[in-house]
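Note sheet for the following structure.
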Amino acid sequence: MKKESKETAVLLIDCPDHKGLVHAVCDFVLTNNGNIINLGQHVDRTDNHFFMRIEWEVDDFTIPSDKIGEFFDTLIAKKYHMQWSLHFGARKPRMAIFVSKYAHCIHDILSRYESNEWDIEIPLIISNHDKFESLADRHKIPFYHFPITKENKANQEAKEIALLKKHKIDFIILARYMQILSSQLIDSFPMKIINIHHSSLPAFAGANPYKAAYLRGVKFMGATAHYVTEELDEGPIIGQDVVKISHRDSINDMKRKGKDIEKIVLANAIWSHLNHKILIYKNKTVVFD
Amino acid sequence: MKKESKETAVLLIDCPDHKGLVHAVCDFVLTNNGNIINLGQHVDRTDNHFFMRIEWEVDDFTIPSDKIGEFFDTLIAKKYHMQWSLHFGARKPRMAIFVSKYAHCIHDILSRYESNEWDIEIPLIISNHDKFESLADRHKIPFYHFPITKENKANQEAKEIALLKKHKIDFIILARYMQILSSQLIDSFPMKIINIHHSSLPAFAGANPYKAAYLRGVKFMGATAHYVTEELDEGPIIGQDVVKISHRDSINDMKRKGKDIEKIVLANAIWSHLNHKILIYKNKTVVFD
Amino acid sequence: MKKESKETAVLLIDCPDHKGLVHAVCDFVLTNNGNIINLGQHVDRTDNHFFMRIEWEVDDFTIPSDKIGEFFDTLIAKKYHMQWSLHFGARKPRMAIFVSKYAHCIHDILSRYESNEWDIEIPLIISNHDKFESLADRHKIPFYHFPITKENKANQEAKEIALLKKHKIDFIILARYMQILSSQLIDSFPMKIINIHHSSLPAFAGANPYKAAYLRGVKFMGATAHYVTEELDEGPIIGQDVVKISHRDSINDMKRKGKDIEKIVLANAIWSHLNHKILIYKNKTVVFD
Amino acid sequence: MKKESKETAVLLIDCPDHKGLVHAVCDFVLTNNGNIINLGQHVDRTDNHFFMRIEWEVDDFTIPSDKIGEFFDTLIAKKYHMQWSLHFGARKPRMAIFVSKYAHCIHDILSRYESNEWDIEIPLIISNHDKFESLADRHKIPFYHFPITKENKANQEAKEIALLKKHKIDFIILARYMQILSSQLIDSFPMKIINIHHSSLPAFAGANPYKAAYLRGVKFMGATAHYVTEELDEGPIIGQDVVKISHRDSINDMKRKGKDIEKIVLANAIWSHLNHKILIYKNKTVVFD
């Protein structure tokens, strides 16, 4: 997962489908001396909506990096009513972790961080408990303990938002954070908060999905990574995985097996997000691979 | 899947857990000169409930086959408050198929039937359409066409029940039968009707699960075989399978991929049912393998 | 799987990677008034090799259909040293089936054929046994029986080739055909013969893979669809699937479970092939989805 | 995964199949006032070989724990030519880790250790590199650095064996240990050394399986946990898993995806081993679940 030696730009685009969209975007890059190293494109035929991800080397690009957005918007995006975002590989994404008391996801994330599997910064960990303070210390990541009660929730979240803004956080991972976020926090990081839910959504949304799955007697259980929106467990799904179970599995067995797919599904979602591979449209995702 | 050369009996048992249950049942079989060829056992630790499946050769069994049930009930079952059922391998299960207009499940079932993959009789096919009459003819299976309207439903189902009883049907497969059965039919064949639903229940119960899955943007879709109870899509789940999908899959792609897991999941459920491998308890199944 | 109402062309391309390839191909289609409805593109970074599949509506295309190949070759392909093939949706692919004595794959294929799941012609079935003659009759497909011995093999295959050529066969499916093809037949249909092997190649190539998998004690078994080349079981892999097994599975259980993934993997490979979604390079496939 | 409050014994048994084996073993436990809490049993019909795992509470058992083995051997095992082993839940298994330079498996193991997911002791970590010394320190596990060259290998391994014996190590995990063990070490811990291989064995045994899988163009890749025997990558397979790949996956993508299944497959194998759920027979495993 080493960074490429050359600096690259990633452009994520979506708009109503139209003849010549791929051509127009490629033309913009090639005419200005960009070397395309990745191109993903998808048309949703039901909605006639177009999605594109293009990555190119900007070392010899005619347009200076801080002007690319303006030029693309003026020359291409406006003409086709495109939504777009532009990202540069040189800037390390800054990720915050929210966690409560379950260890498997945060351990897995910090192991990858320590191994340089991901090219990111983790400027802080926030928790409503103090359980993982020493773990954070060990990884030299500042740890902030914000106990949450019904009464102090709005106040504590306001402090969290200020802290996140101060640290220029790009996106937030809820690594089994057992609190429902209020809209002030969600709205401050729209489509920038990723949650891991321990079921195959939409099955078993809400609390205690393992128990619910056990009682229903399902033969597969799952995990779902999704962006957090105001509707609980209803945000755009980034990734899912499942594991076969049987009557032999107790709720404890389900928890044990579930933890392993939760951490992998979450890690894959983080990987796609930080590589700017996800487009959101109509509460669904396009995840380029 | 050839029948064993020797005649066997299968006993399915469940009861509150108790010391010595396996021992007691084995003792009953061994003392009377039975040769155990399969033994499956499971204890649900949450409910402290015991499940057992035992299969033995009855050729030299001291108790005559038509008396085994009575003796087992008197000597063992009553003592431990067991629910039990007894099945003999020599008797071919008699299976009825209900179908509407989708071809994939009935084609798959009849292919297995023609190849002698299953040791069963299919005395009749019932449909609310006439689409598959020639298919039934070709396999020399009597085909009964019962068009269903809101007005005639009770009447038609009464005729269907009479027909099923007349043909001594053991169990019914709904091979994508697009009608909700009423309670008179369900109650006539309790836990003897298997439906295939084209989603990973409990997700996307009811009509149009593929469309609902498409709109929700899930990354896995599934199929579920379950026993039919009065609550629609709420009966005990026998088996499930899933297939990975992505934003590239249109609803048509989902239907295409879904059909393949539907037919396999249904076939596996039929196989478990006809081999007397399924026990039902608290709206869940224990499926011995 | 209905055919689109408008006539389309599919162009499959591969060549050494080069700046502007997507642009050049899109330009060719758009400049001549083609409406692109599908575009898939991939660059293998290890080999710096470029792959593309583009499908467009040709109703209003400026270049007449029988001239598209010539124009594309002259204007684009030669310049970039492209390998390419051109296909038209209006022409139904003509598929031959070779089969021996296993029923599951041929049953599955003919079920899909009968349900119009695939838009193909099956002009003939060839077998070294007469077992499926009545099945072929029932589907009104001419059946040719070519018993094979060591002595008559070359002669029989020569007749088969003549027959296949006479019927303008586009591609051949070995639906569990238990004979090794000789090079004269393989060379007559290069990368046009698809075999289904009952293991996850390269594991358990050759005869009796289920027995070998049983003896090795693997916990997953698989099926592989691949193009046939002169090296047995070594051709480009189109698709694979696996199924979990355990110590409980006898060789018979493995066969039963294996048959279900074999037929699905084979059907998926056929679907990709007949929709011109497969490119072959260095004994591997790019399968656009 | 908390230990049960009551002390338990686990008996693993295998022998030629015989009438009444389950009965005889249950009789031994029940007659002596044991409360069976788990019973798994399997007969391999191909070899007519019997396998059994039985776990019971020994608090009120008539035979003292240190005499159970002797009594069982005399009264039951000799009669039926049983191989057996006896384990007590109260004794924490002592596990050694061997590691080289890959972080994902050792990180995952130590995370589970830290979270008390497993009820074990890890008295030491051995490595041919010093990379993970600080990681070991952080978890307060003694770390031993044994650089290996062709010349010193026998000598270093002799020291390792002495160290392992001194620490009363029960079993060894090769957490991506990039050295082939010599027979002196393997023979000192027969069927007590678990390796994780980064392919679906028997496919791609030996070095560089990801590269080999990439070159062959497979559509699934896998990981295999197995006991180490003198034949490289040929020992009894404990568990496997696979992940779907496509032409889009570079060797680096394969490594990234592979690491996640490697660590999960290895963790599952450890879990089965330390819970005494594995029986080995004819270079295969029976893994009770």
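The chains carry the letters A, B, C and D, assigned in the order they are written, with residues numbered from 1 in each.
To be clear about the criterion, a contact is a pair of C-beta atoms (placed from the backbone, for glycine too) under 8 Å apart; a residue touches a chain by one contact, two chains touch by 3 or more.
Values in this document were obtained by computation on a predicted structure and should not be read as measured data.
Asker: To get from subunit B to subunit D along touching chains, fewest steps?
Answerer: 1
Asker: Specify the chain most distant from subunit A by Cα centroid.
Answerer: The chain lying farthest from subunit A is B.
Asker: Where the CA atoms of subunit A average out and where those of subunit D average out, how many Å apart are those spots?
Answerer: Computed from C-alpha means, the inter-chain centre distance equals 36 Å.
Asker: What whole-Å value do you get for the distance between subunit A and subunit B if each is reduced to the mean of its CA atoms?
Answerer: Measuring from centre to centre gives 42 Å for this pair.
Asker: Indicate the residues of subunit B shared as contacts by at least two other chains.
Answerer: Answer for subunit B, listing residues that touch two or more other chains: 246, 248, 289.
Asker: Going by the contact rule set out above, which residues of subunit C touch subunit A in the complex?
Answerer: Subunit C reaches subunit A through residues 19-20, 22-23, 26-27, 30, 35-39, 41, 43, 244.
Asker: Using the touch definition from the top, list the residues of subunit A that touch subunit D in their complex.
Answerer: Residues 1, 103-104, 107-108, 111, 114-115, 117, 138, 246, 248, 252, 256, 260, 264, 267, 271, 289.
Asker: Going by the contact rule at the top, pick out the subunit D residues touching subunit C in the complex.
Answerer: Where subunit D meets subunit C, its residues are 42, 44-46, 51, 200-204, 214-220, 222, 236-237, 239-242, 246-248, 250-251, 283-287, 289.
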